[in-house]
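These are the structures in question, set out in turn.
Next come two complexes, and both contain chain A; in the first it sits with chain B, in the second with chain C.
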Partner chain A sequence: MTWAVILPLAGALLSVLLARHAARIALGTVLATLAVDAALARAVALGGPIEHQVGGWPPPLGIRLVADGPAVLFLLLAGVVYLASTAYAARFFDRPNGARSGSPVGPGRFESAVGPASSASAVGRAGAIPHVPATRTSPRTPAGFWPVWLFLLAALDGLFLTSDLFNMYVALELLTLAGVALVAMTHDRAGTQAAIRYLLVAMVASLFFLLGISLLYAEFGVLDLEGLGEAIAPGRITAVAIPLVLLGLAVKLAIFPFHFWLPPAYGATLTPVCAVLSALAIKGPFFVLIRLVPGPFAAVIPPAIGTLIGGLALGGIVWGSLRALQQPRLKLLIAYSSVAQVGYLFLALSLALADPTGPALRGGIFFALSHGLAKAAMFLAAGAIIRSFGHDRIADLRAPQRGSHLATTALALAAVGLMGFPASGGFIGKWLIGEAAALAGRPLALAGIVGGGLLAALYLFRVLRQAFVAPDPAAGVVRAPAALEWPAFLLAVLSVLLGVASAPVLGLLP
Partner chain B sequence: MTPETLYATLGALLFGIGLYGAIVRRLVLRKLIAVNVMISGVFLTFIAPGGRGEGPPDPVAQAIVLTGIVVTLGGTALGLALIRRAHAIRHGPGPSGRNPADGAPGDRGGFG
Partner chain C sequence: MSWNASLPALTLLSSLVPGLFIFGLGEERRGARTALNMAGATVKVGLVAWIARGLLGGETYTTRIPLGAGMELLLRADNLSVLFALLSSILWFVSTVYAIGYLEGSPNRSRFFGFYSVCVSATVGVAFAGNLFTFVFFYEVLALSTYPLVVHRGTRAALRAGRTYLAYTLFGSAVLLTGVLWLQALAGPVEFRPGGALPAAVLDGGGELLVIFLLLVAGMGVKAAIVPLHGWLPVAMIAPAPVSALLHAVAVVKAGAFGLVRLVHDVFGPSGIIEIGAFPILPAIATATILWGSIRALSQTRLKRLLAYSTVSQLSYVALGTSLLGPTAAIGGLAHLVHQGLMKITLFFCAGNLAETLGIHDLDEMDGVGRRMPWTMTAFTVCALGMIGVPPVAGFVSKWTLAVGGIEAGQPWVVAVLVASALLNAGYFLPVLHRVWFRPPAPLPYERDRARGEDVVPPAVGHRSVFGRRIETSWLLLLPTLTTAILALGAGLFANAPFSPLTWARFVLAGGGP
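And then the complex of A and B:
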């Protein structure tokens, strides 16, 4: 079980030593990790949860690792998304596509240019001579990209397996540091500023989480989740500690109104980084929440907090969708869509608090898995389309299939999953959450789920309709490399298949 | 007031001072320092109950704070590196390739 953490760590170190082969090392490491995840998932599916005490030390001094159903599902999600994104990133960097203008400025030229600065460039406008803009060429691999890339996977895997509160804090911090470093890999102004903001917000959020943990530890003297569940009791300290923990996680999860750091960070950074951050990094704090809230905290959370969480969730669904509707740029639209989707996760938590035995938690986890696949597919497909058009202004992405049939199809399939069309993974997640809302008698939550799906259809059709308009003959469109299309397409297919073949997945959930 | 409550109160106070600074200060460097003040507050609340009773102090709390210091060091170093880079992007590197120590607040100079 520890191999799921050790392999990416070892791969990261190896890719520092053998920097020339870093991309191949990363791909091999991710493949091996996915194999470990799959073996673990099989063992858990057949024999139930598996426990491991690191170094043979029992709690309270040692740290317990637990692989149960949700843990192995999230491990598999991380492995699959990482495999696709790593294959994508290996092609994303460093190879010319058409004319390669040497990039003296450094690695950041590529999609960092898809920021406000490039809006003035008249790429593809009628009359202008279509030149090959900077966004068409592959950027150089940023220094240190592959080690940090693998560190992020190690942090995720560690987080999914740990059963110790402080260990969760450490894994969350590693996740943040790796994520911030990856956002900063654009080496430009927007990326650096977004990374600084991301870092400061995430550090403050971590401290709220840690202060809450320190209070719980001072009161009950345990950090292991199982031990805490037995020891925890209502009281003044608990009443202060639990909101602190939840607040810290909510900020890290970018729930409305704490989402302000997320869109700039995703909008400014490189496409493969967007994919893993949106699909996986925000699932880290969510995973901690599903460990804590229906677990040790269930008995002591006041109902008012559940209602508050539900209110914020609805606010996030509405606000994120409305903002996504207004975005002129594809990457920002997808980023705001994440703000809306996080709302569903919180809605599931709020309903799980109201009725711990209901289907809400299963629905939330299933939705998180399907969202991870669909959102990663969407970012990767967007990256391929951006590569072929040289910009990401939605209004000018006319007939994106000219650049890439597969990526456009992937975008549509992933959109199906995000909207929650029947038979897709998103549908089953939303159905379970909706069922919980109906059982708990929460018409507002039910309306939010349905309305959010409609809003998602509205903002996603803004992009998809572009496939049916006449192409702009003056727009110089380059075919996207196949190695950028296929990972997006396969992930999108998986996100739909998750709905068709949901039985084994649901079988692993509580 | 027992030493335990004293330390816990001090920890909460430091956390509050740091949080205030992290929100109110405009220079990111000061925000980063404020976050470090918050962290000291958290560590104090972790350590404070560790010394209660007559026995040896709680080793788990100490191990946690040591780990926390390492994590914080990493985060602060990353923050400083990013702030330096943001500064270099805005003002260009200094003559020796180093940045001037301080940037004027509100300076909106262009690249290089």
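And then the complex of A and C:
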């Protein structure tokens, strides 16, 4: 079990030592980690949850690692998304020999590109190789990218396996630091600003979380979740500590109205980083929430907090969707969509508090898994499309399939998942959460779930309709490299398959 | 999984798998695409026919795919689903032939045929759905997968129509989903059962049940184009003719009407409808739709728009027949589900032939066109008369049965509605027929434009020769048109034959075999 953490850490170290082969090392590491995850998932599916005491010390002295259904599912999600994103990133950055990415689509296309609309691109024309804008060429691999990239995976895997409050804090902190470092690797002003904002917000959130768990530890003397569940009792300290912990996690999860740091961070970031952050990094704090809220906190959370969470969730769904509807750029649209989708997760959480035996928690977890696959696929596909157009202005992305057929397909499939339409995993998640809302007699939550799907359709079809518009003859389009398209496509296909093969996944959930 | 248990799933896959392969084919692979399409369509018709034969022999066909607690994909062939599946798969076969001819040489054909197949697969899923979860599942797939077909041409007008279509259809899906989740919260997972699936304790819920019923009716009603949820249908006629055929006959509106039948007979049940006090609502909506659609059709100047409003009106015969809760009326409604499909697909094929061969879209360009395209216009005439209810075309049979059923159910006003509607139908179809056969031929639109000195290209599909004789249009367009017209005529002439739609509708209501 510890291999899921040790492998990426070792890979990170190795990629520092052998920097020339870092991309290959990363790919190998991620593959091996995924194999470990799969073996662990198989063992859990067959034999139930597995516990491991690090160093053989039992709690409260030692650290307990627990691989149960949700843990292995999130491990698998991380493994799969990482595999696709790593393969993608390996091609995304410039190759050592400086080969140019992309070839023009059709011989005659670039003749028409020399027009008033693209005079800038005509300036640098040299010989047979057409000049392409900066976004169309591969950026250099930022210094230290691969070690940090693998470090993030180690932090995630550690978070999913731990069963101890302080370890959760440490893993969350490492996750944040790695995430900030990756965002900062854009080398431009917007990226640096976004990274600093991300860092400050996440640090404040961490402080809240740390303060909360410190109070709990001072009061009850345990950090292990199982032990805390037995020891915890209502009281003044608990009444302060729990809101602090929840607030810290909510900010890290970018719940409305604490979402302001997320869209700029994603909008400015390199595409593979976007995919990993949106699909996995925000699932970290969510995972902590599903460990704590239906777990040790369940008995002591005042109902008002559940209602508050539900209200914020609805606010997030509506606000995130409305903002996504206004975004002129593809990456920002997808980023705001995350704000809306996080709303679903919180809605599920609030319903799970109201009715712990209902399907809400299963729905929330399933939705999180489906969202992880679909959102990563969408960012990767967007990256391929951006590479072929050289920009991400939605209005000008006409007939994107011309430059990247598979990526456009991936975008459409992922969109079905984010809207929560069948046969995608998003539909199953939406159905379960909706079922929970109906069972709990919460018409507002039901309307939020169903209406959220409609809103998602509204903003996503702004992009999808472009696939049916006649292509703009003046736009120079290069073909996106296949290595950028396939990872997006395969992830998108997985996000749809999750909807028709949901039985084994749901079988692993409580 | 045994052979019988896998048949419904195989029927669904018989169009889905070729469709997925077609997506991957290059644009120039015309032969492979056609082979995949026709193989899928043939296998599908064969499988549904096999299932129909088996049902008569008392076999059962049920596929169950569990997706999680309370979520089960249940595909089950019963008499009602086979009626719809058979209609849909036969018309898919015919309209695929037509679409191959129609779209010859136009761009994005792989995308078109891919989504066409997905739509038909979703329709079969709707037909075979054995519980509400499965129904919603495929209903939503259908809602999404038709969008690419509506906007296929990619013009500004097509995209605008697509937006309207999406707004209506996604709204319908959302309302349906809400209603179903709410209902299942009260009643648990609902599996369709003839006579009603809801236990008496749930039906006592009163007002809440009525609201749920209205939500479900609204959800289905968007696809079934009942007033005031019909606005998308006339707008969507901008799409190519094979898409109109799909919307009006093969899949979409039929799925809505079929859903209403399921809702009334297999979810709430006639007694349940009366118990929750919903009885007068559906007949009233259906009547209003029948009349309003026809009245709107009177003032149309474009042929396809006229046909679209005619669908709005005609489709509510199905709703009316179902909602009267009497067996004979329901038989009439179900038979009309098939009859209307056969007649309407013919009319849209004819409109497509006119548009592709002669460039005719407006009614006032149709003067004397019967002389240029006698075969097409004969098919048109047969089905237009059938829509009015002239014997012996199929439309007469279903309307007659409906009227008898109305009297039987103690609702004699139905006869008045039918007569009024027939008069209105005559009011908009007969002037067209008069133009076609009795007016002197007018110059074609492109000839007229040329005479004005504009540089226009004649329509794409020219006259073709078969056995050395010139025929009026491509045989790929003419053959499907004549086939469905003959089927519509046959369904009326041989209404009491063993496999006619009317006979099958009787099986559905009788339950079990013949």
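Here, the second predicted complex is superposed on the first by the 473 of 510 C-alpha atoms of A that agree within 3 Å, B and C clash if a C-alpha of one lies under 4 Å from a C-alpha of the other, contacts with A are read in each partner's own complex, and residues count from 1 in each chain.
Keep this in mind: a contact is a pair of C-beta atoms (placed from the backbone, for glycine too) under 8 Å apart; a residue touches a chain by one contact, two chains touch by 3 or more.
This one's a predicted model, so the numbers in the text were calculated from it and none came from an experiment.
Colleague: Where does A:200 make contact in the superposed view: on chain B (first), on chain C (second), on both, or on neither?
Modeller: The first partner, chain B, only.
Colleague: Determine, under the contact definition given at the top, whether A:299 touches first (chain B), second (chain C), both, or neither.
Modeller: Touch status of A:299: no partner.
Colleague: Check whether A:470 is in contact with chain B, with chain C, with both or with neither, and answer first, second, both or neither.
Modeller: Once the two structures are laid over each other on A, A:470 reaches chain C alone.
Colleague: Give one of first, second, both or neither to describe whether A:188 is in contact with chain B, with chain C, with both, or with none.
Modeller: Touch status of A:188: first partner only.
Colleague: Of the two partner chains, chain B (first) and chain C (second), which one does A:17 touch, if any: first, second, both, or neither?
Modeller: So A:17 meets neither chain B nor chain C here.
Colleague: When the two structures are overlaid on chain A, which partner does A:166 contact: first (chain B), second (chain C), both, or neither?
Modeller: Touch partner of A:166: chain B, not chain C.
Colleague: Show which residues of chain A both chain B and chain C reach, each in its own complex.
Modeller: In chain A, no position sits in both the chain B and chain C interfaces.
Colleague: Which of the residues in chain A end up touching chain B in this complex?
Modeller: Residues in contact with chain B: 60-61, 166, 169-170, 173-174, 176-177, 180-181, 184, 187-189, 192-193, 195-196, 199-200, 203-204, 207, 210-211, 214-215, 217-218, 223.
Colleague: Please name which positions on chain C make contact with chain A in the complex.
Modeller: Chain C residues touching chain A: 23, 65-71, 73, 133, 136-138, 140-141, 143-144, 147-148, 151-152, 154-155, 158-159, 162-163, 166, 170-171, 173-174, 177-178, 181-182, 184-185.
Colleague: Looking at the complex, which residues from chain A come into contact with chain C?
Modeller: 359, 362, 409, 416, 421-423, 427-428, 431-432, 434-435, 437-439, 441, 446-447, 450-451, 453-454, 457, 461, 465, 468-470, 499-500, 502-503, 506
Colleague: In the complex formed with chain A, which residues of chain B make contact?
Modeller: These residues of chain B touch chain A: 8, 15, 19, 22, 28, 31-32, 35, 38-39, 41-42, 45-46, 48-49, 59-61, 64, 67-68, 71, 74-75, 78-79, 82-83, 85-86, 89-90, 111.
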